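Sharing a structure, written as structure tokens. Questions coming.
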Amino acid sequence: MELARAFSTMAADLPAIFSMIVVSVVGLVMLTVAAFRSDHPSIPWLGVAGMVVASAWELFQLGTEPGTAFFGAIRVGGYAAFINLLVLLAGIATTILSVPYLHRLKHDYGEVYALLMYATVGMILLGSSNSMVSIFVGLETMSVCLYVLAGLIREDEGAVEAALKYFLLGAFSTGFFLYGIALMYGATGTMYLPAMAQADLATAGGTLLFWAGVALFLIGFLFKVSAAPFHMWTPDVYQGSPTPLTGYMSTASKAAAFGSLILVLYYALPAERWTLVLAVVAVITMVVGNVMALSQANVKRMLAYSSIAHAGYILVALAAGTEAAFAGALFYLLVYTVMNIGAFGVMALLEWDGREGRVQTLDSLAGIGTDRPVLGVTMVVFMFSLTGFPPFGGFFGKYAVFAPAVDAGLTWLVLIGVLMSAVSGYYYLRVVYVFWMQDRDDVVDARQASLGGLPPVSRTSQGVLVVCAVGLVAMAFFSGGLIEAATGFFDASAMAAAGGGG
Amino acid sequence: MDSELLVRLILLLPLFGAVVNGLGPLFVEQMRTREGWIGTLGTAVVVVPFALTAYLFATFDGTPVVVDFFTWMEAGDLSLQFSYLVDELSLIMTLVVTGVGGVIHLYSTGYMHGDSGYWRFFAYLNLFIFAMLNLVLANNLPVLFLGWEGVGLCSYLLIGFWYTDLSNSAAANKAFIVNRIGDFAFLMAMFLLFSQLGSLDFDVLLAEGPQLSQDVLNWTVLLLFIGATGKSAQIPLFVWLPDAMAGPTPVSALIHAATMVTSGLYLLARMSELVLAAEIVMAVIAIVGALTAIMAATIAITQNDIKKVLAYSTVSQLGYMFMAAGVGAFFVSIFHVLTHAFFKGCLFLGSGSVIHSMEHVEHELEAEGHDVSDFDPQDMRTMGGLQQYMPSTGWTYFIATLAISGIPLLAGFFSKDEILFKAFEYGFVGGANYAWFVWGVGVITAALTAFYMARSYYLTFLGEPRWPDADTVHAHESSASMTIPLWILAGGSAVTGYLGLPAVIADGKLNWIHHYLGADYGGPVAEPSLAGHVPLALEWGLIGLSSGIAVGVFLYARSAYLATGVAFDETLSARFGGLYQTWSDTYYWDDFYDNVVVDSLINGLARRGLAPFDGRVVDGIVNGVAGAAQVGSGLLRRLQTGVVQNYALALVLGVVLVIGLMVFGG
Amino acid sequence: MFAEFVPLFIMIVLALGLAFTLLKAAEILGPSRPNKIKRTPYESGMDPVGSARERYSVKFYLVAMIFIVFDVEVVFMYPWAVSFQDFIDGGAFLGVMTVVTIFSVILMVGLLYDIKKGGLDFEK
């Protein structure tokens, strides 16, 4: 009878993983279609449709009460829905942006989009996990798909190098991650996050075991969000991967990983022993990301370092560890996802001169803004937002992560963060400068690049970019409400509901 | 209907229009020539809010309605809410903005016909209405400031609308830069208030503001007033407004006469509780207003450009309104804002109609082989006799001229007379000495107003046509889309004065606007409490005096200009000599700014003093930091070897770091 | 204690005995006509002696990988099969069948994909 009840509970819990089901089933269908005709044009749009359905579902889950499902393995409610929505929207945007890009490279295999779907499933699981097992399964599902996607253009040695490096180092960090989970389980005797916080660590040995486990566990996450010094793979991988997919890797996977990390910090590790660790890592990350980005001539590589720097900003909020800070981090993830997907999307459309994004220099894009005004204008919006200029979401995002950190007494950390974002202005605005204020005829690279004509125009891609740009402005105006809503995910009832599971 | 929904519609419809008119044609070039659609949409999104406001106005029961849109951001004590307030004052201002605005939109569909930037024009105009509605409907200073900056931006865009002409761009820049000075003061006032009260919502400001210390109050009100001098073109920041006439004429009518320039008055009326508590600053306001009024009026006499006359007249009338505010009669200043919106709007649109037809004359002359390089379609000296060709424009211009001159029973008479009476009363009953000065200057300005307005009408519309070949080349009346708005506004110029009948009639019981706005009757606009009254006979005497002056001077100017035409200016110039020269050189204000501010301060101090400092010291530091960062970047780059073993090594070092910090650092 | 391991010992003895018996039986009963190829350790496979730098068809690895993937996947069915009876006793027949059906369908999709992509065509 026990077993029968277990099954009926699980059946009743199915709505909790509705979007996961939809995305995986659609992914299977896509794979089946791809089995018969790999470049069938309907495949990406199938994926988009599936993800649209899933995001519509998640949209309605935003307001629901937090809780758990599947015997405490999965977390439901507004928080999970927010992360899932973010991941799904990133997936939709990436799919649409990839279609013309992969078509031009003649790599428009249906499998790519199916893998994108599976990666999305992994991220959704990661963002809504309530136990170490689901975190691990989600993280690996996501990672394995991304390893393959990184090496998609297998004729290109850079892509192969990227995929291999990503895989090797990823496997390496996963080892630490698993070891960390094992130690934490050993110390607490549970896999469930809320139960971990309540576990009795009476003996000194148990405490040491637990915190050593936490350290190893954090390393796994810090690797995935490319925090320094676990970031070394990022520039190579981002530079070598297909550009729209780089945008996806740099946003969705980080959003999911950060979302899961916040859950762990909030539910499983309430004692703030990790503040110093995260603060130190945040400093190193911000400094390395911003300083390294200064000397990059390739926009993709620059954006890779910039994404490292942005991980640092988010880590500032996590180090603060208050509910307001977590809410700020969530808002920042939203803003960051939109602007980074947009920036990579623009770059994807600008790789027309036969040279891949891996080797393309910023100089070769001189004056492109006047030829392709939509791309130029949206890129300006993304760059200003990434810098953190006031009328755009980026400014309010930075404000949302820095202000709670000051309240939490981490003023020194915020000071470094603000200084570093001032430095970031240099390399972001250089893109604006090159796009709009340089004349193509004055720059050798750009003259050569323009020999092959102008970049082609894709209306759907430009539509996505315009939506992203408008969204950034809108987010600035609705930042107050959005942060307030995000804070609502962490209210007292959430803590109470955390008791469930385990 | 739900009033919250209505407020949302009123605010968002113009924004919708701006977005559609702006973005649609920007991306789809075929849409740019669809003037019918663009004009209809642009006008509808202003007229519909007018109808909605009228409904709100009719059903308003005296309790202010607060509509919260959403929280913009929260930072510590500061909470920025997009919150709007509907009360008597904001209703009147909204009616003016959407009503006069709607009429001017309609006029623009005719005036801008065929312009390649037609869509851009309507997008800007709708955006302006949106910003202006934010300004007048705001429930706190930040939102008001947002609208304040928004209208400034739209003003800048529209002054420089024909940006291919460099002088237009220069005028736009001038307006923008001069306004920044006022905006800075406004911001300082906001900071001051927030630091003292911890809130910028109107209810808190008005309830707790008057209890602040006198010094703080004085500074706050002074800073607010300086902010108002920028936007509402008072001494010393008025210099941008005459140049702002470089924009299309509907813009001059809407922004630089009827609505935006009166926002300073609105601000003072909204903050009237605070202003009343700062008596010294009130004297400053009144005296600055009076000086501006008489200065601009004297300049207006000497101007030959029809729009320049109206521009200086606007400055002068704004001075009048500040006079009223300075003697505590805020509701009267709003009353004058209302009547002024009608007659000055009508005059500007009339001048636009005239300019249109003179441009037509210019084209015909060119077609006949004349050299038209010196022909200025805005110069009154080449006009004359237009009444016979354009009767609608002529008649409406005449009505509005009578109204602004203060001829009895038209709108301007009532509002202007009320201002003079209030000034007199403040001196007579309230015992404030400066009020006498203000009153005296006001009376003289009234005479000057009647003079220059009569001059502008008679030079333009009567007498013999003075352009070349006037017997063969004729002017033409403008289209109905332009003359209908003229008649609407002329009608308003005739009747809106009856909203505020003077106190001599039925003991002031029929002064509707006083009853509607005044705090004594539960309205939002505060009033000074004066013990005693001006005797009835004296009041009648004052009314008689001002009507006598207005009618007398008007008739004098009429006979003078009808008899001798343009030549009478020479007579004036001879009679007043150097004084006249001062007037026509606009009191050397522009020279003052050019020589003192631009040359000595900016060129001298900045270029010789600050620029080297900036170049050597500041840039040196910045470049040094940038150089250091580049060097650091280069060094760090060496760590990024590309060899995967080294990456793993870095990872391991990170592991050691994290474990060390976690286990020993916690 | 010792008694518990008796079945294991019996199992080991049986396994060793069977292997030995079968090998010997084949040697005795079957015809013995050795040649060079038959005498290599991995018949039809690689030569364990000699240069390791020889080229092989990538299909070797492909098939091996596909084998491992499906092999590992099928291992998941063991715990299912072991506890199958318990589930039926517990009244959860429908549930347990649904779960394994979903699992099998996903595997089938993989197999279908593999076949259509020619992953099993060794000759191609």
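Letters A, B and C mark the chains in the order given here, with residues in each chain numbered from 1 onward.
Note that in this section a residue touches a chain if its C-beta (ideal position, glycine included) is under 8 Å from a C-beta of that chain, and two chains touch if they have at least 3 such contacts.
Bear in mind that the values here come from a model prediction, so they are computed numbers and not experimental data.
Most central chain by CA mean?
A
Computing the C-alpha centre of each chain, which chain sits at the greatest distance from subunit C?
B
For subunit A and subunit C, what's the span in angstrom between their mean Cα positions?
Whole-Å distance between the two chain centres: 40.
Quick one: subunit B and subunit C, Cα centre-to-centre, how many Å?
Taking the average C-alpha coordinate of subunit B and of subunit C, the gap between them is 87 Å.
Determine the centre-to-centre distance between subunit A and subunit B, using the mean Cα coordinates as centres, and give it in whole Å.
Distance between chain centres, rounded to whole Å: 48 Å.
Counting only residues that touch at least two other chains, what does the list for subunit B look like?
none
List the residues on subunit A that touch subunit B in their complex, please.
So the residues of subunit A in touch with subunit B come to 164-165, 168-169, 172-173, 176, 208, 211-212, 214-216, 218-219, 222-223, 228-230, 232-233, 235-236, 273-274, 276-277, 280-281, 288, 291-292, 294-295, 396, 399, 403, 423, 426, 477-481, 483-484.
Report the residues of subunit C in contact with subunit A in the complex, numbered from low to high.
86-87, 90-92, 94-96, 106, 109, 112-113, 116-117
Write out the stretch or stretches of subunit B touching subunit A in their complex.
Per the stated touch rule, the residues are 70-75, 80, 626, 629-630, 632-634, 636-637, 640, 642, 644, 646-648, 650-651, 653-655, 657-659, 661-663, 665-666.
Looking at the complex, which residues from subunit A come into contact with subunit C?
Per the touch definition, subunit A meets subunit C at residues 1-4, 6-8, 10-11, 28, 31-32, 34-36.
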